[in-house]
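In order of appearance the chains are A, B and C, and numbering begins at 1 in each one.
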Amino acid sequence: MFLQQLVNGLTIGVIYALIALGYTMVYGILKMVNFAHGDIFMFGSFLGLFFMKHLHMPLYLAFLLSAAATSAIGVVIERVAYRPLRTADRIVPLISALGVSTFLVSLAQKLWGTEMHPFPTAFGLGTVTVGSITFSEIQILILVLSFILMLGLHLFVTRTKTGTAMRATSMSLTNAALMGINTNHMISLAFAIGSALAACAGIMVGIYYNAVYPTMGYMAGINAFTAAVLGGIGSIPGAMLGGILLGVVENLGGAYISTQYQSVISFTILIIVLMIRPTGILGKKDINKV
Amino acid sequence: MDELLKLEKVSIRFGGLHALTDIDLSVRTGEILAIIGPNGAGKTTLFNLLTGIYRPTSGTITYKNRVINKLKPYERVKIGIARTFQNARLLKNMTVLENVLVAHPQCNTESVLEAIFLTGRRRERRAAIAQECVEVLKAVGLDHKLDVLAGSLPYGEQRLLEMARALVTRCELLLLDEPAAGMNPAEKKQLVEKIRQLSREFNIEIVLIEHDIGLIMNISDRIVVLDHGVKIAEGSAAEIQQNPKVISAYLGGEDDWD
Amino acid sequence: MRSRAGRFAIVGLLILLPLLLQQIDDYILHIAIIIGIYAILSLSLNVIVGYAGQFALGHAAFYGIGAYTAALLMLHGSASFWLALAAAAAVTGLFGLLLGSPVIRLRGDYLGIVTLGFGEIVRLIFVNWVDVTRGPMGLPGIPAPSLFGHAFTEKIEFYYLILALVLLTYFIINRIVHSGIGLNLLTIREDETLAQSVGIRPNQYKLLAFSLGACFAGVAGAYWAAYISYVSPDSFRYLDSVNILAMVILGGTASLPGSILGAILLVLAPEILRYMNDYRMMLLGLAIILMMIFKPSGFWGEKHRKYNFYGLAQKGGRK
């Protein structure tokens, strides 16, 4: 039973990780929490649903196209709603993000209504049993795909020139610019990758829970943010670790304590982390010069 | 002469960076102390330690015979330590008068009930508080610009406003961080006079950080020289000028010994 | 700000005009009442967001706590409206303190998410604590307020009540933000290190702002409970928090007339633009983004501030 819960937790955990990566990459460079990221996740989910249900595309194509489209949306949002505000007071881009979030949710509601939509089960309901643990096909898909995506990101960020440039930008925006890195491109890239990952996560959630609805971004967003903070905001491995940890803890908590107040568990974790060790597990201490 | 402020073996470290190491320093009543040193020597860090923005990693800071290492910045203001900043931190969208009001100890401790129930007596008290602020502004020469937005003041006047703000806290120890930065020679001369006058009029000890050596020689009773976080010399203007360690610390820098 | 005479004229108008409007259409009074409720909510949030500079997102939660507290006291405790009102204000203010304490040290972004989370959790409690709140079914049958034995039945009586509450709220908040406290809040907002350096204790004042804002939101909630005579979790969702924040933003942060303006705009707009109802929230979202890019201080923002803090007269007229 415990191991089963662990696996279930791992499944939701990697999904959190994918969304958390978007938060952490943007925060790493811009030092700003993209409030609308949860709603980008939601939009990716809806787009995937649209591609599969109305355009009858196979699952893998839905993943690709949704990731691409959502990626574009993320870049546009950054360009239109955040870039002009980079020099303003800290609170101004946050409010703008709120506006973006409101816009996305109401757009989704206009396009697809407010009810929950089921996701056409592209996968059979088959299961694989190993010992006392049962993996559903969907779980296997999620775990494998997420692992591939995270590994891909890790390799990109550590082994490629562009990826390293992105890391440099997140360490110091000004220094990176002085070194000849086009920081605007790096920022757009962070948004693009983060949104693409979120879209994949969105489709995974759609399949796993068989439900897609316009306000699904709120709780997922808060949870993913918690995961990012837990692992250390700004740190890519941190987001992965935080996501998995949160998923597991939340699932065990839900199973052994109560499912209704499950979100309270993750939220409590957020508060505790922010109060005791705000830099998270893998984060670095921020030194403020006066 | 009493020791108002004493630092004993004060050090502070930021991770691997040793910003200040084993600093021994004292400020005696009735003197103006200057802290000089090349850029990055740790002067502003020292001020931040004195005002409580940083805590020392080791050593003790004693003020009026009381160890104040653990006191928070706002508590230090209450015991009489005030400062100005290297980059004039003003409330740009508020007026000159408001910028000083903010620091007045009776203005920033108003209670909710006092605020809501504004009796005639309280109105009078507010007017008196405002008047005291005007007096301080008069002392630095800004009383003709009370309703001007702080952000639109010329740089030199912004520094003066900062000083007025520090003075209104009824401090006994005033830390000036590069008060002459951005001033032309004439203004600097006026500043020297002003600092001397204020120190006498308000009976405060002054510690200042400055790069203009001429100004330092003119105004300080004693000078402390820092380099790379360590005190390398201390003494009168004449003594410092001859000190070989000080000379070599400055060699290659762009400061001029006017 | 208008002169004394001007202010009296406006208040006079607010008192007399509805008597006229009542003859035309009761619905207009209802709109006016809703504007009044949101004016209080907007003013209260402005203290937290505009003056103290805290990006707090869960304001609807305070609104709800006030409403439920008042409702429960009136239904199960047979308290009078007035007692329930006072209790709601106190309890909600206390929650403001409670919810504010852990987040006080957090920076803008984090604060926003955490307060958003708090808002969600409070709503979850409203929905799930069925024993007390009856969950999604809500609490119906809340008695109307009564004054000197006469229970309110006419809309106009409710109107005068909310008018009185709005004026009271405005008066109190106005006095507070134009005092040393207000100066402290603004200083903390602009530059917390500076605030510390002049002797201000930032956490103390941020908490004050939270409790004050919560307290008045609780007042609005209590009124809501008595006016609609029914409370349910549906009135206190995240979207409602966003709505109130939008009123503060559009009207003008740190501007009391701005908050009133914001409330008027965002209550009237959907009424007037009925045919665009579907696109209402989308337009709101766009409006927020555009405001931030072009007019971040709102339509009646701080730049229009006409007199000094501390109640001192402006340019040239020093008392």
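Throughout what follows, contacts are C-beta pairs under 8 Å (C-beta built on N, C-alpha and C of every residue); 3 or more make two chains touch, one makes a residue touch a chain.
What you see is a predicted model, and the numbers here were worked out from it, not measured in a lab.
Chain centres computed from CA atoms place B at the largest separation from chain C.
Centrality by C-alpha centroid: the chain sitting nearest the overall protein C-alpha mean is C.
Spacing of chain B relative to chain C, judged by their CA centroids, is 42 angstrom. Distance between chain A and chain C, defined via averaged C-alpha coordinates, is recorded as 33 Å. Computed from the mean C-alpha positions, the centre of chain A lies at a distance of 48 Å from the centre of chain B.
Looking at chain C, one finds that residues 193 touch two or more other chains. Shared interface positions of chain A, defined as residues touching 2 or more other chains, are 290.
Among the residues of chain B, those in touch with two or more other chains are 53. Within the complex, the chain A residues that touch chain C are 27, 32-33, 35, 80-81, 84-85, 88-96, 98-107, 109-110, 218-219, 222, 225, 229, 260-261, 263-264, 267, 270-271, 274-275, 278, 290.
Residues 172, 175-176, 179-184, 186-187, 190-191, 193-202, 208, 212, 302, 308-312, 314-316, 318-319 of chain C are the ones that touch chain B when the two sit in their complex. On chain B, the positions that touch chain C within their shared complex are 51-53, 72-74, 77-78, 82-83, 85, 89, 91-95, 97-98, 101-103, 105-112, 114-116, 118, 123, 126-127, 130, 146-147, 165, 169.
Interface of chain C with chain A (complex): residues 53, 55, 57, 102-103, 105-110, 112-114, 116-117, 120-121, 124, 128, 193, 238-239, 242, 245, 249, 278-282, 284-289, 291-293, 296.
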